């Protein structure tokens, strides 16, 4: 079972990496779905089957579909490939990767550090010793509607605000604009923002 | 008993000043002159009455004090507005008021053509008032008020014709240089008050005698500071540069302020605080030495001057030098006697010069005058009387007696006495030479210019009175060795206020010998002047032509380069510093800080690029920084 | 209650003046607004006269000084701030000066200010109210409240009605003083917490904060905090550069109030708060402060001598005069303190009048550049005469008020620190130089521009006459003012004296006892051993 | 000292999960998180940015679930559910905004949206 | 969830019901007035219910929420501020050519989120409250969809908020992984037992959480978004973001660290000090020569948060009083300032450009007076609440001898004066002649609207919308009242402290 974890983790990392490297947005989206599925596997391995299912149904199922709709609506498909290519110089990668690697090193050092405390003491053993067990949907359900009842209500309010926001913003966009932007300009050529240059005022 | 009306003497001129300054513009010349001259006249009258009652029925201990009001009282410091009359201040008051009145009378006509007529008399009245305050002051602070008052009036009157900037500059120079002396005096006042607890002159002197060790540090410093003040006001050696330039003012002003009264304020101060000086012998000797040096230096400068008034100005400095020598050797009454006679004949000379200048329409250069003997006989004879008195023509002039007294007391003054006497004699020679050089050039020889105006009656009367005084004035202090009863009346009269001379009076025969030497020297001087400037002027031109002659002439003309020295070392650098620092070096520092802030503003606002990915990068960077601080800096 | 009315009257007057001007729409060129503000100030004057008549010293307020009126009400009990006003001789004189100069500035700006007259008088009166508040407040928080409050109206006076570079000058003034004020706030809070920690009572009350024992280092830093605020306001040399700009650009009334009153709040602060609260620290700081004072005198004079702008010259003279105050305060004996009080009053009058003249001149010839003036005496002799009187006053001519002040200060300073006093005496010479140069360039000398300008109007002559009479009266009869201030000053000395014995150099005024043979060359009073007990270490880090 | 034993004794985990030390799982989550950060910083296309954000949220969800399982408490999973809700709401509003941006800025270029700077 | 719990939760319940009620109402009769009225009514009722809930006060309702005086005080603040924003936006929305009913629903939802945030004692409620607030803000910020700037603001805020939420979540996960519990009290207890404070992982996790907090409080390294979002968003929403969202998060931050003395976690205190100094300098220096009024207010709010952190870093009784009083003063001032901008804004763009304000005092003296008052309060001039607030902060700092921080605060308030007074004097300087009639030419890049842009604030002294005018009046009076006589508020705050300690 231990190997399942490592395999799933590896797949997740590789697929996520592929997501951000992809030029074609549809391929990126598919890699993302793959990554979500691999995370679901990890959930299952770690002992949270209910959540793994949720991940597959809601995250991979619902949210990604939203992305697909948007891509369909904006008809990005192929021609966005060239614009992406245009934007992605090699040097654009250097900055973010450098910064992210520092970030990575920071936290990893923190997590992996052989638990030496400043006073030379050791980290509490519990942290290192593996201790996991499976928490089934029943337990989740009981606590969800036990102490976290108010949490559920709040989550519903959260979704309500998301709904209203999306409704307001969505309605304003006129249908005919789906095919292309109002100024019917090649979307990629927007480097020179001709729409009233921002008057930089000091 | 007129003594209680003592306060009227200074009050009248001040009242005159108030009336003239407030209503001056609306009054015509007539009433303005009436008020101006009248107030000083009345004051002179009251002074004479007071003098007579003082002499006939002298108040106890020959001293009368009158406190008008409590000026300031803070803790122990309580100087009041107090008038102190004793024989010394009585003489000063008499001289100031009488000579002042005569000069006011003279200037009533002299200034008639001037548009600032009432303003002139207002300033003159203010001056007389301040001088009287100076002379009558009971405590040093009230004296200081008079002291600065006269300095102010000399500034106002020198710069009276304000249209020419040179007059303004001369006035400012006079006020600033005297102010240097006043500051020394002020510091002296502080020292005296802090260490003796009072500024009342008499009490201060008693306390000093009681508590201070003669020759100790405190009396020496105090005396030195008072001397500094005296030098400033009386234009003695280091601070004498302002007097020659002060001739830019109208001639009556030069007569009254820069000859008769103000310049001798220093002499009065030293005489008044004589106890302090006797307790500091080093300073007293310094007074004598300064006096001697000044009389020689300004004597030589007077030899080469062109401007009639500048000659007289240098002669004034030299005569005050004589008074300082007298004070230095402790002959207090001799100094005051010479002050009185000098007031008479120097005022006379200035008024005569004024008449000449007015007559020639403002001409000052003596080489453009000549042969005025016939054109202005009255002015000539009065001027001649003054000149003789100045050069101490033996027996017949007041100058002879007063200068003789100084010479004899100098001779007796211990070790340094001889040198002082030698310098005085050399000075006497110089004096008679430059005086009669002036007389011969101006009044003898062929007439170079026509006289346009003769001195009117109001100008003539003062000339005549002063001529009489400068001749007869000396008899009041007839030398003792003639054995006439009542001689030395003047010195005996002053004995009540001033201590007798520190050194014993000379034996009658040496006194006679000294007088004789002085007489010979003055006559010789007159002959030398006659030879060089009247009979064969080509000799003087030839002498002036020689190399050293030319250098000496220019050096003396420039008052021994003092002016140049002060300009280069003090005035120019101050002006330069002020000009370069006009916009305040300290301010640059604050504007620099403002620029730094602006620089940071522009730098930071560049960081607001508007790109969302840049912001995300900064957030990530912020996260990294926070984590490293939190984790690694614990 | 009268004290409260003293402050409320200008506040209310200001608001009414503004409203009236807005209502009547300025068709009568803001005349009613001017009358309202004059009325408010006259009311204050009458109130002061009543207070003076009914005063009886010592209403038992605190154990020091002769307080003859007091008002104490709770304000913010949570932090121990109370609305505590009190008046003694010193405050009475300063408040009287404030109201007098207020009336003069209203009279002077009678027709100089044309636009938004109501708003102008609103700012004028609120500034005066703030200044009166500063002079009366005895609660440090209330003092700081009024200290900050008087800045804003003065800012508006300069920024809205000023001359060419008014925005820059007003901003500089505002930031300088505000920064100084905030530094003072830190010092006040430092004192507040040290006192609280010691006695458990957290209060801002002046009387309870006096005598807080603290370590020498803490006392020094807190004293330095107060000193910076008052030095900025005074102004002392290193932090003076806001003054010439603010004065040059302010309207006449603004300059009069700025020179006459706002500078004096700095001096008052030094007298009332700095030395009594930190006697030992200020005693040890005295030589440095006096050196700054002397630097101020000489530097101010050199600055004034170099100026071509008339108002900037007059402003620099006040830097020089304020140097004297610094010396006087830190000499801290009765002579010097009376000198400081006299200097406060006489400087307000003489510099105020010089500004009024400069303003009148600018109204007539629309320039302040002395290069263009010259030989104005011919055309405006009365103005020339008045100018001469006040130029002489500013160079310290005996017979006028400034001389009495400067002499007392130098005398007192000589007792405390002879070297500094001698250096300061040089100030007499340099002040003569700039004062006479001013007269020469403006009224005498040759004519550079053919101005034709009317002489002083009746109203201006009235103001000038009043000021001349006042300055001459102060010069010849200063005793009433001295008597008014002496009980208050003795109180202050007693406060400072009780903590530390400032060694007085020579027996003063005791005629009989022979003064010790103190040789002149003895060094200055030297670092005085600080008598304050070692305050307990409360000061963390 | 031992952490408190959780309240409900769970049955032994048949899948023998005890073999995976928790911090490895956390490291995996953090790696995913960092990849998401790179995605946000590097890509200029708004949709890609949104996707990277989703990755980051998912990574933190993973961290929560792992932590929850480590303590054997359901809280981690409940938090994941809430994260899901938040992600959904945010994506819906986000995509609506992206549509608007596409319409207004004529493209999905994130850098085009720099009207306001300085 | 006993009956008493429900009663204690009454305000939260009411604030949650009102958006639903408004939504239902507008579903039937689509009227902006109705929506506004209902929203205001909802807010008013929940505000009134607060004292009622106070009687049940210190009680923790389920591990997620704790209802005590402190929470109720801040809920009151949130409701009042939202009430003011709603009133302000009433006039503003009438001009927008966009359907404005949803605005009120979103506003109420945001208020509900903040209320939850303030009362939360558990990671879950904290996260949900925060996210409800953020999500509703996404839509509010870009509400006028016709304006390009609004959309840009929305996009920026969304992306950056999501990133910081992710950081926050991961931090929470790590803390949960370490401590095993998600309640603040539990974590504090866990951390107190043993030397956990120096545990690097715990500190790292707290740092990650700090990133989330930092973004929401817009302090120094995370402040980049503030100017663009405030400038782009409609003025009332900027007001809401500047006050409620920051205030609620800071209230939680204060509660989270109330019992725990910050100085025991040395490195975190150091991090906060660095953040505070950086945000003070960044805020003030960026605003120095800025010509856009909304950006000036944005930068000054960054600086003011820097001042708040100084008070936060102090210790002792004065700390909470200082923070609470300063927050109230800051709320009033910011609402007032943005209120003025709202009232002066036109349909096509807000009154941003400083040149537009030139000579405002001549045209509209009352509005100019209120705005100067607000700016003086920001600068900390007497007679305003800002003065007392600043005094309290320096007092708290001096109390615990943070001399470095206070002196930097003093220097920064001096820098601050420059740009506050610069705006004021522009209002009081005479208006240039030609700008007399085109009073407020909005400087937006919006293509000129079809009709000539009729300016809401034309020179003829247009009527001030009643709602906006009322709010401004109340705020101005409150400001002066707090500035002169702050004791009532101080006693109220003291009551909230007992429950906290």
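Labels for the chains are A, B, C, D and E, by order of writing; each one numbers its residues from 1.
Note that in this section a residue touches a chain if its C-beta (ideal position, glycine included) is under 8 Å from a C-beta of that chain, and two chains touch if they have at least 3 such contacts.
Note that the structure is predicted; figures quoted are calculated from it, not measured.
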{"item": "Chains in simultaneous contact with chain A and chain C", "value": "B, E"}
{"item": "Most distant chain from chain A by Cα centroid", "value": "B"}
{"item": "Of B-C and C-E, pair with higher C-beta contact tally", "value": "B-C"}
{"item": "Most centrally placed chain, judged by C-alpha centres", "value": "C"}
{"item": "Chain A and chain E: spacing of chain centres that average the CA atoms, whole Å", "value": "29"}
{"item": "Inter-chain centre distance, chain C versus chain D - centres from mean C-alpha coordinates, in Å", "value": "67"}
{"item": "Chain centre separation in whole Å, for chain D relative to chain B (CA means)", "value": "99"}
{"item": "Chain A, residues touching no fewer than two other chains", "value": "95-96, 99-100, 103, 106-107, 110-111, 118, 124, 127, 148, 151, 155, 158, 161-162, 165-166, 169, 172-173, 195, 198, 201-202"}
{"item": "Two or more partner chains touched - positions in chain E", "value": "124, 128, 131, 135, 138-139, 142, 145, 148, 154-156, 159, 163, 177, 198, 200, 204, 208, 227-228, 289-290, 445"}
{"item": "Where chain B touches two or more other chains at once, by residue number", "value": "605, 608, 610, 612, 616-617, 620-621, 623, 627, 631, 634"}
{"item": "Touch relationships between chains, expressed as pairs", "value": "A-B, A-D, A-E, B-C, B-D, B-E, C-E, D-E"}
{"item": "Residue numbers on chain B that touch chain C, as the complex places them", "value": "21, 25, 69-77, 81, 141, 144-145, 147-149, 152, 155, 159, 162-165, 168-169, 171-172, 175-176, 179-180, 182-183, 186-187, 189-191, 193-198, 207, 210-211, 213, 217-218, 221, 574-575, 577-582, 584, 586-587, 590"}
{"item": "Chain D-touching residues of chain B, taken from the complex the two chains share", "value": "605, 608-613, 616-617, 620"}
{"item": "Contacting residues of chain A [partner chain B, same complex]", "value": "95-96, 99-100, 102-103, 106-107, 109-110, 118, 198, 202"}
{"item": "List of chain E residues in touch with chain B within their complex", "value": "155-156, 159-160, 163-164, 167, 198, 200, 203-204, 206-208, 210-211, 214-215, 220-222, 224-225, 227-228, 265-268, 270-271, 274-275, 281-282, 285-286, 288-290, 415"}
{"item": "Touching residues on chain B, where the partner in the complex is chain A", "value": "605, 610, 617, 620-621, 623-624, 627-628, 631, 634"}
